[in-house]
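Each of the next two complexes has chain A plus one more chain, namely chain B in the first and chain C in the second.
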Partner chain A sequence: MSGGRLYGGASLHDGMSRIGGAYLSRSAQRGAVLRAALLFGCIPLSSCSGVQSALDPAGPEAANVATLFYVMLVGGSLIWIGVVGVLAYASRLGREPHSERMAGWVILLCGAVGPAVILGALLSYAVWLMPNLRPWTSSGEPGLRQIEVTGEQFWWRARYLDPSGAPLFEAANEIVMPVGERVLFTLKSPDVIHSFWIPSLGGKMDAIPGRINAVTLEASKAGLYRGACAEFCGPSHALMAFTVKAVEPAAFEEWLDERAAVDRPSDAEGLAVFLRHGCGACHTIAGTQANGEIGPNLTAVGARETIAAGTLPNTTEAIARFIRNPEEIKPGVHMPAFDMLPDGDVEMIAAYLKGLK
Partner chain B sequence: MIIRLKHLVVAVIAIPFLALLIGWSGLIGVGASSGHWAITDWFLHWVMRNSTRTAALSIEAPPLEDSTMLPPAAGHYEMACAMCHGSPVTPRPELVRHMLPVPPDLGPRIPTWTDEQLFQIVQHGVRFTGMPAWPTQKRPDEVWAMVAFLRQLPGMSADRYYELSGLYRPPMEGEVDDLPLSCESCHSARKVGPGSLVPSLAGQSEEYLLESLKAYANNERPSGIMQMAISLLPNDSFPELAHYYATQTRPQDSAAPVDADLVERGRILAQRGRSEDKIPACLSCHEKPGSNPVYPRISGLSQPYLERQLHLFNEGIRGGTEYSHVMREAANYLEDDDIVAAAAYFAQRQE
Partner chain C sequence: MTKALGNFSAEERAAQEERLRKVWKTPGGWRYWTSVNNSEIGLWYGVAAFGFMLFAGVLALLMRLQLAVPDNDLFSVEFFNQAFTLHGTVMMFLFAVPIFEAIAIYLLPSLLGARELPFPRLSAFGFWSFLLGGIFVCGSIFFNSAPNAGWFMYPPLATKEEYSGIGADIWLLGLSFIEVASIAAAVEIIVGIMKCRAPGMRINMMPMFAWYLLIVAGMILFAFPPLIAGDLLFEMERMFHWPFFDSERGGDPLLWQHLFWIFGHPEVYIIFLPAIALMAMIVPTFAQRPIVGYSWIVLAAVGTGFLSFGLWVHHMFATGLPQISLAFFSAASEAVVIPTGVQIFVFIATMLAGRVIFSVPMLFGAGGLVIFVIGGLTGVMVALAPFDWQAHDTYFVVAHLHYVLIGGMLFPVVAGIYYYFPFVTGWRLSDAWGKVAFWLMFTGFNIAFFPMHFSGLRGMPRRVFTYPEDIGWDWFNLISTIGAFIFASGVLTVVADMFRPKVKLDTLNPWKAGTLEWTNNPDENWGMRSVPIITSRYPLWDQPNLQRDIEEARYYLPDAKSGRRETLVTSVLDAEPIQCLRVGGTSYVTIVAAMSLGGVFIALTFHWWLITAICGVITLGAILYWLWTGTAEIPEAPEMDVGMGESLPIYVSGPPSVGWWAMFITMVGDGTAFASLVFGYFFYWTIHGDFTNGIEGPGVLWPVIAINLFVLSWLLMLRARHLNRAGRLDEARVALVGATFIALGGSAAGLAGPYVHGMDPTAHVYPAIVWIIAIWTVVHAAAGCIMQLYCLARSLAGRMTARYDQDIINVTLYWHFLTVTAVVAFGIIGLFPVVR
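What follows is the complex of A and B.
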């Protein structure tokens, strides 16, 4: 996920059509193969930065994960170089057999003592680092900001709570959090096991039906990050992402007030069409009659970076496409297709939703 | 002469050709007038009874005592079955006595079959006899209703048959009457009381009625009874029929006994739904001011009808208008007691 793109799906077709149908000369072919190999080789590098990378940390836990990774990488590389060096020495330089006594020492030092010391050191470091990777918190900790996140097939419900645990409002597929402040995420699931993971901020934690798990995360710099479901949860598991917006504390307070306000300007005609077809049975839009809680909350959906849980860019066309046939975009989705609506109604609803900020 | 292998091989190859030759010659009679040979007749009936008996082994009859099943089945019997099998008010017409095999007078035959065997015959029909299959294979509930009716048929009085089927009695001399059988035979206000499986159409949304008629006509709402009934109507009569029923006033029947707890549970489902089980509030689409007119009005419909439809939606069988899949999803997670509660609430609700 490099280049800061927050949505995952639906661009596959564009890439395919560009590759297909081109005739190339032999040398051009060889060049193309070379370029492809080079590109392919660079793929692992692409995960070193971007909105969803544990190696481009934006929080203390992720920074620790990154440090641990680099320490292990360097340690592993040194061991590898040592082993390959000994191998080269044995096969090329030291052709003469060692004495039995010497061989015994080599086995003892290189086969037992050396590895035990090196692995022991790396393990001790990792164990020492562990508390920093998952700081211990309980939901009773006073003054901690709380966001209750529920993994659903195949989207994320985010309920913002005040420090006492009372719900302020609900949002979906987008988490806004203040920079430099520890936030407690309580994780739930009504259906199957999901796993909540924001690689840029820290480690993952499962959302398990019938349990409430807690994880605290902190963003150390403002920015847009991407979170994902990290436990296979059904056909659209890979299409269950969310955006994380880390903003300055003042901006966060402002956003909270803005979202908590019930009185919102909106396009009355679009709202009427939305309500006419019963969309409000499953979706809530604050300040309107739409109060369903089955599907994602759509208050301010137009302000989100992506729609369909990180699957499509947030454009009127993409919203209309999703309304017409959600199954085509997200296999296994619960929302029925609305391609039977009278002409123009889907467009009106999509424009209305895009306008909700 | 010694029969050698080559004689057998030649015979095996030649016999099918011989059979084809006889078939091609046209010497085999297919006329119904002369009847079967006695042995052919015995063999065909023997195979039919055996086949039905074996097929019925895997079928289990539900309880068939509920008399609400009888009127729709009786109406269908009059419309689709009586023309061959006769009824308590009309004997079999002369013509069917010249069919081969002759469709039997059911009176003496029904007691010779079990409920399951009757189901097998009515659901699947009988090959080579003219007995058709039920118009849809997705509605065993309708076929069981027919079995329940058939059980009552032997010895049924003419009055009872007129009452159940909704067939109009023959007009008096000089009187101009409606068709002997019409929509009103089953859907008239007199017949669709609180215990009826047949819905009242009076005051229903015109758009919903029209789209539902089209859905039956296009085989998009499985129902052997309604698909058969609709097939007898010219398609251009649909708008007029929909308009007729939409402009009737729905009778507000408050005579039905009400279980207050059940109604209260139903009210919560209707107004709030149960979002943790993915059950939306019924009233966010139905009877909401300004809502899509294709979403039907459901208040005041009879409880058995509402329950039956919710079960059909819940099981994914119910088709209907272009919007019916939305309701299938909405009803997907209903439990049996939710269905009873929601039906009880809407049956007593006055819009």
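What follows is the complex of A and C.
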């Protein structure tokens, strides 16, 4: 169904070096070596898996929650061993019965007092943590960099705004954000409920038709992460992922300027075929006559890590395959099949799109 | 109590037994299916629920096959989405809740010392509804038209036709039909436990199972109606485009989430508490002593029941609700751990204070506890909002809920099967097979579900039909799949053990248990040979010669001279005998009523309006026939000899009667559904600046007229009851007819408000919610009018007299609720827009 290693070492390296930091390659290689060893060791807790793991945090919220999990894991394990130990003792054959009074104390202390004390402490910590992770008001603090994300069946529209809320430009299925800075994501949906989730950075938040939700996330280290839709949204819910690129602030500013620039070199012949077959009715490519709003914005699509919302690697062949029969790759997708186009046209469009950077 | 024990010779007893056997006989041939006896209905119910569980289990195995390796294309996405939707739906609605209704119907009469539950035909009706609805919902997957939007059916995915087809209607209508069966069972269970206990079994002497079932049935009464109200709104949107959940026309998808989870969270405890109840029967038997802390565990169970209604928002932590409410619901969710902890430690304490015999039921019970504690601990984790933001809708939650439900419910159920198999059949399951089954299930379960905690935290969302390789999920999923098949082999071993040929036991009480049900002979259909006087929580341990005295017919109801099925009705708290109740016997009317009601729901799914109407008329006819011939029958004598030198009335009306309680309890559930609609009205008011959206309301005049007419009709109804009791039957009949006509006038006035103001329910949610509240009230008024005409007919036919007035008393009770509904409904739609 999919095209294999979307997040494997090599393609990661390419992707990152282009944005200005060959960061992830070494750890990815180490990951590959360690993987086999860890499988039989501490699989569950190994955090080398990287791109979409809440246990491999790359931001303060995710880091806090991961710590919280480890604390609860240790505490929970001790409690479980205690309960199972008492149970095993109580089921022992040939043991003298204990007094009813003593049994009553067990109920009171282990069943009521103990849990109350432990939970009181845990709850206090979590409630203290909540406003630190997410501001009490949904609008967040003013002056944050804003990205308006719209979940649609089965892809993500990302509209970059300046801190005042004015739109800069639109992209799709890829979030680029600066490291070390809180970014405000406002979440919307025009069709069904989706949920916006970047496990490496923090928890999820739903995008609900008729409502506007907000969540702030911060990346603490540069890298390439994977986000996904977490609320079941229809046939291809499983195929609604996106890439998150966290880059140094300077590189981010550079990217913003580059992306906002309208005049970019382009393959005029490919564009002509693209327009001739009506692709511009649904897709926008900045600086061309293609200005459709229905499907993903394709400006600089060739620079993305993946296509089809994290489903295929970004290669000319994969793009061509998607154009010919999107339904085969993403069941329930709203884009019609273009397998009736004349020979060569699909390849030309694919090559043209791959060339858009 | 010092009552004279009866003393019959062997010949007298043989003659009594002959009569009893004849009265309680299960019909043969195809008429077997018309039986309504609790031992048949309970068994069919249980077998059907278990069968649905196996079906949903197979769906789960298919899903595990699909997810065994990344990028798998074994099944289509359409099938996978239908499979997981149906898996959750079937496990929740067709297995977890019904299996306990089944066990309750089967066990309760024996546990309580009754011959039968008070409404056997209602149980039968519930069973047939359940079976038909279940087959309808499950069968849809063979036609590729099963629901496919998840068992929670969130709108707009499940409301809009462009996203979901007929599957959503099958879910809504099929399950609404099954919810009717659940509420029927709840009524039966509550009335049975409160009114049909053996004399002397005061409320603080009830077996734990009865306490738990009483709590659970009460929870069903408050938890299912919000879902039924939600289903109504949902189906109105799907069928007639009323925009309750459509944000473009003022609706809000979150209202469904609130209504669904107000049902959905108590549902977890509705499933879990009866399993605890089974353990509360099993543990004392094998610890060979009474349960330690009887009042602790009862209070803890009641506390769990109450708290479970205050937790629903923890399913909605990621929907963007205000954080202050998240903090509140986090705290409430953690608080429920305390009563749960008390219940678990009551078992451990009972074991500590006793000498434990470690048999197969205990093995399953203890294994379930070991699993459940892990589920409880991960529950503590996900109840914390910050952690839940990561874990929500991932495989971590899949692991959590299966640890809770399989450890907290399935393992105790299997323990219960091993424990009660001799009670049901007179045979005992194999210890060796049981141990093999246990270890297969226990290890298989953990291999399947433990890795899911980590695949979830590593980012794997729920409800994905595939996943890419190399993002860290491959091995976890393969291991889970292997574990699932080991687990399934354990379940199959249990099934095989049940069908294996066995030798009949030579004792009724193989475990030497202390509770009353073990006095029953599984070969006889009458339940208790005679209804004993109870003086202990564990009568078989504490009351010497009890078994012998019961069998020698020395207690109540030793005989069946009237040729009718009879059981004792006792007072609610102290269980003093107050009536000899004649219960309904074998009848096909319950099947006709259930099948035709099923026809209504099925025809609605396909929009076959004519068939819907025909089936509706048949249903109404069947129910009226059932009531006319089977209830409130005037007896041949006011009292009868019930043994032990006592005589009891055969006919009682008002609060001492079971019928009054059934009406009261049903109307509490009905009122809860109405309250959910009212909640919807105010929900829209809170989320919008102007919730009327500038649309003209129903005005003040018509609603006020409606309120006045309904109050007037209610006063006339009260007058009719009074006149009837005074023996002024003609005047009572006139008052009844007057009340009917005034109520019809009130209904017309109620509908006139929105009608004359041209409110279009498809335009915006405000007119839609006004219309639905008005229609709800008017439909109830119409049912009330039918009841009044029924009373009139009974009176004219001489079946309702001044002394035998159950019908009119119960209908008056209905009118109390109806009047409150009408006043609230028209008060809100008419007056609230003015005063707000």
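Going forward, the second predicted complex is superposed on the first by the 296 of 357 C-alpha atoms of A that agree within 3 Å, B and C clash if a C-alpha of one lies under 4 Å from a C-alpha of the other, contacts with A are read in each partner's own complex, and residues count from 1 in each chain.
Convention: a contact is a pair of C-beta atoms (placed from the backbone, for glycine too) under 8 Å apart; a residue touches a chain by one contact, two chains touch by 3 or more.
Computed from a predicted model, the values in this text were never measured in an experiment.
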First, second, both or neither for A:R182, with chain B first and chain C second: neither
Partner chain in contact with A:K245 - chain B first, chain C second, else both or neither: neither
First (chain B), second (chain C), both or neither touched by A:R321: neither
Which of chain B and chain C A:H277 touches, first, second, both or neither: first
First, second, both or neither for A:D206, with chain B first and chain C second: second
Touched partner set for A:W197, first chain B, second chain C, both or neither: second
If touched residues of chain A are counted for chain B and for chain C, the larger one: C
Touching partner for A:R157 - first (chain B), second (chain C), both, neither: neither
Touching partner for A:R259 - first (chain B), second (chain C), both, neither: neither
Overlap of the chain B and chain C footprints on chain A, listed as residue numbers: none
For the chain B and chain A complex, residues of the former touching the latter: 273, 275-276, 278-281, 284-285, 288, 290-292, 295, 322-323, 325-326, 328-330
For the chain A and chain B complex, residues of the former touching the latter: 190, 272, 275-278, 280-282, 292-294, 334-338, 340
Touch list for chain A against partner chain C, complex: 1-2, 4-8, 39, 43-45, 49-55, 61-62, 64-65, 68-69, 72, 76, 79-80, 83-84, 86-87, 89-93, 95, 97-100, 102-104, 106-107, 110-112, 114-116, 119, 122-123, 126-127, 129-131, 133-134, 136, 138, 153, 187, 191-193, 195, 197, 199, 202-206, 208-211, 213-214, 226, 228-239, 310, 331-332
Partner chain A, residues of chain C touching it in the complex: 71-73, 76-78, 81, 149-150, 154, 156-157, 160, 163, 247-248, 251-254, 289, 292-293, 296, 300, 318-320, 322-324, 326-327, 330-331, 334-335, 337-338, 341-346, 348-356, 358, 362, 366, 369-370, 373-374, 377-378, 380-381, 384-394, 451, 453-454, 457-459, 461-472, 475-476
